[in-house]
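Next, two complexes with chain A in common: one pairs it with chain B, the other with chain C.
Coming up: the complex of A and B.
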């Protein structure tokens, strides 16, 4: 037993030296006025919370995550549902298609979205070709565009946990519900959906955490006008060279994301207990 | 009589709605990959889609793109060492975590998985401040350490999953037949969890090769990484060579994915 536990030490050392220590230094720096860390101050935090522009960026970012997660769930759940019903061979093919985007370089993916969403891009050609609109839609550099691309980029994170839960569901439960006279929709909303809650919550946590911090997608699709927390942190750190304030932004951002994730996790644990009962 | 018909209509409408949403989603999942591949084969100077004609000229142009090649090489070197480091440390830690029920190990597990949920950019910035305070400047080894932190969760997750499916009676049988712990590990445990480790190593490699938030702060001109280089290309002069480089990355990814599927059952292990 003793020998086994020691196997954790290399990774623990790596994380202590290069994960925990930097985060502690980040926290300490956020409580100082300059990089030399002379004199303690809460000034950076006061500055953030007294400036409506600063915290509106935080709120925009948190809401962006909610929007992307909801779109992802709306389209991702049916994909997981389809995968769960497919035979073993098709299931492999479908899962392969689903994980394809997450393994393709994020810069490459975003780049291809620029080609698709641009003024003369593929989507606008289709929309105008079908006569749905007389002028090109503005998708690039808008929040709708960012939400669309985030939902696509993070889709695998939503689909895979739901698929895991759906493929473990006892098909007899649905059959029983139908035999008892409940229609397909009723069976879905009363049986399948509640039982797949743990997978949905797990998917939402991963999608949300990935969407709010998706720096590349947010900046390349959103452009310079749409500012979210990651870009704000980067601009303060590298552009304005105001490291202590950027450190405070990082801490605030991390803490709020952790709170959202924690709340979702608590809901998930409750739904799991509920599902078992 | 209205009952069964209503139920059949309901069944059809549910299948239709779910099928339609899934079809749209799948189309959007595949579309960007297809668009990149087709755009990279264009014969024209612009990124217009669909391309007016096809040629390999932009792939040929990549052969002269020195800066891009250097960045690509840097990315490969960092991804290689990151994969090695995170696979060894991650697998060792997974063995310890899987066999223990102590609260300390639960906490360690949570800590090691947290880079997956914490904003990676905040960690990248923290790492920059940290090495700056230590008086160090950006270098390849530091990049590897930073990447390893964000890549370890992938190895840990797939390895823990395959360890949980490991039949304990096999280990007991091996030990009761007189094999020592190391032999049991080498002959029984490792072959059985090998595909899980392999899938994790593959994911770690891709995550490192693709990483932006950490490289953004820990790389400089000498250690420029491919994603950052491509990103700057996209932001400044959107030229077709970027599409060709993207196409090359997509093709390499597809080949690696097929290999990972063949040898490590990738699609089974991602769930």
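Coming up: the complex of A and C.
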């Protein structure tokens, strides 16, 4: 028993040194009043919540996560469903295609999206070539563009948990539903979808947490005018050199994301209890 | 209960191929309204494929499925009106027992008040009335099966398909559920097909048994017919236990066994003199004789299995293979000792079934 618990020590030490300690430092930093880091105050937090510009960035960021997650779910669920239905060989091909983005650098991926979304980009050439629009669509440096790219980049995080749940689903349940007189849609909405909720929740948590913190994608696709929390923190810390305020922003951002993830997790646990056979 | 519930099911020359392999071959089966027919066979014999063809999940390559003389081939599983009890019951885990039973009724667009009434009625029928708000995982195997039955009987299906329904139950509960299912089936008069690899289950429950092997129906008959007059060696060996002896068919309805013993058998017109044959005698059709006599085997008892009312002896023939013999024991009758020399003869020539050796 003693030997067992001692095996945890290296990991615990690692966590303390590189996770807990920096968080404590961050928290203490956020309680300093000014750039010179003197005195103790809640001033940074008061400043954040009394400044509409600051907290509108937070709200935009949280909403960006919601939008990216929803788009990701909308496209990812059918992909996962298709993977689960496909034969063994096609399934491995499809899963490989889904995972492929993870295997390339985030910077490379994001720049290739710039090539696709730009004024003279691939997408606009197609749209104008087909005569669907006379002017190039503004996609780059817009929120729509950011949402599109985030959804694509985070797709594996959504597809894989859903695929796992769907492949474990008893195929007899679908057969039972159909033989009881239900059509494909009723079977999907009453049986398949509710029973895949644990996978959907897990996918949403991962996608959401990854989307709101995706500094590179948000910044490169969104440009300097679309400011989200990660860029805001970066500018406060590096640009304005206001480390205490950047620390306070980080703490606020972290806590709000944790609340969202916690709520999703609670929903997930409920559906897990209902869904387990 | 009502004759209107009893629908006739006919399979007309059904053949189904998966790619190059033929899963079922030229199946003809006519099931009368209210009848319980067992499809009995080892795994891979095509019985599950046939079940999926009847329920509409698989469209057969050739042949027709008819309900009450109307062709059902174009109907989807949802439109066919069959009920299936799956081996694992396939209850919807996220719904209560009551919601499970209501599911098919909602799919059939029943009004809400009638659904509630029907659900209560069906749960009472299977003695699960108190469990309506429970989740399936809170129930025992037998209770889950009752719910599965109630769920599929609720929509008043034309045909009830039972897919290895008792496999997951322990032995005592299995017998109780078999009696229960048979009671419900008789009561509702619903035409039923039981798919099973368990011969005892088929023998005890079915009105008729179709024994299947390698995609074909080997024999269709009543349980006693299957057991007493098997038409193929496969049926004989698959249903019940039997002793198999090799020999040669000779004149006067007799077989000369490999070790020279001549055994009188039932007359067989399809066999000619000199034909290599296999003789099958069931253990309970062999009788102990008090003294050596013409046509009797001499043997030594090697193993004694006292199975309660019946005792099974494994005996080694002095010339030839070993045999199993079953004897009903008298009250407090002593067992025959191991090593004793015994004399055995078939109960009658009719008890010796002869099949051509392939």
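Some notes on this structure:
Everything that follows uses one rule, which is that the second predicted complex is superposed on the first by the 271 of 277 C-alpha atoms of A that agree within 3 Å, B and C clash if a C-alpha of one lies under 4 Å from a C-alpha of the other, contacts with A are read in each partner's own complex, and residues count from 1 in each chain.
The criterion applied here is as follows: a residue touches a chain if its C-beta (ideal position, glycine included) is under 8 Å from a C-beta of that chain, and two chains touch if they have at least 3 such contacts.
Keep in mind that this is a model prediction, so the values were computed, not measured.
For the composite obtained by overlaying on chain A, chain B and chain C can both be accommodated side by side without a clash. In the superposition on chain A, A:266 makes contact with neither chain B nor chain C. In the superposition on chain A, A:18 makes contact with chain B only, not with chain C. By the document's definition of touching, neither partner reaches A:126: not chain B, not chain C.
Of the two partner chains, chain B is the only one that A:81 touches; chain C does not reach it. In the overlay built on the shared chain, the residue A:183 is in contact with chain B and with chain C. Taking the Cα centre of chain A as vertex, the centres of chain B and chain C in the superposed model span 80°, given to the nearest 10.
Of the two partner chains, neither chain B nor chain C is touched by A:63. Between chain B and chain C, B touches the greater number of residues of chain A. Once the two complexes are laid over each other on the shared chain, residue contacts for A:46 go to neither chain B nor chain C. Contacts of A:240 after superposition on the shared chain: neither chain B nor chain C is touched.
Superposition on the common chain places the nearest Cα atoms of chain B and chain C 5 Å from each other.
Common to the chain B-facing and chain C-facing surfaces of chain A are residues 178, 181, 183.
Residues 55-57, 76-78, 80, 82-84, 86, 88, 90, 92-94, 103-104, 107-108, 135-137, 151-152, 155 of chain C are the ones touching chain A in the complex. On the side of chain A, the complex with chain C involves touching residues 170, 172-173, 175-183, 186, 190-191, 194-195, 271, 274-277.
Within the complex formed with chain B, the chain A residues making contact are 1, 3-8, 10-12, 14-15, 18-23, 25-26, 29, 35, 74-79, 81-82, 91-92, 94-101, 103-116, 120-122, 125, 152, 155-156, 160-161, 163-164, 167, 178, 181, 183-185, 188, 205-206, 209, 212-213, 215-216, 220, 229-230, 233-234, 237, 243, 246-247, 250-251, 253-254, 257-258, 261. Across the complex, chain B meets chain A through its residues 3, 6-7, 10-11, 13-14, 17-22, 24-26, 28-33, 35-36, 39, 47-50, 85, 88-90, 92-93, 95-97, 99-100, 102, 105, 108, 111-112, 115-123, 125-130, 132-133, 145-146, 148-149, 152, 181, 203, 206, 209-210, 212-213, 216-217, 227, 230-231, 234-235, 238, 242-243, 246, 249-250, 253-254, 257, 261, 266-268, 270-271.
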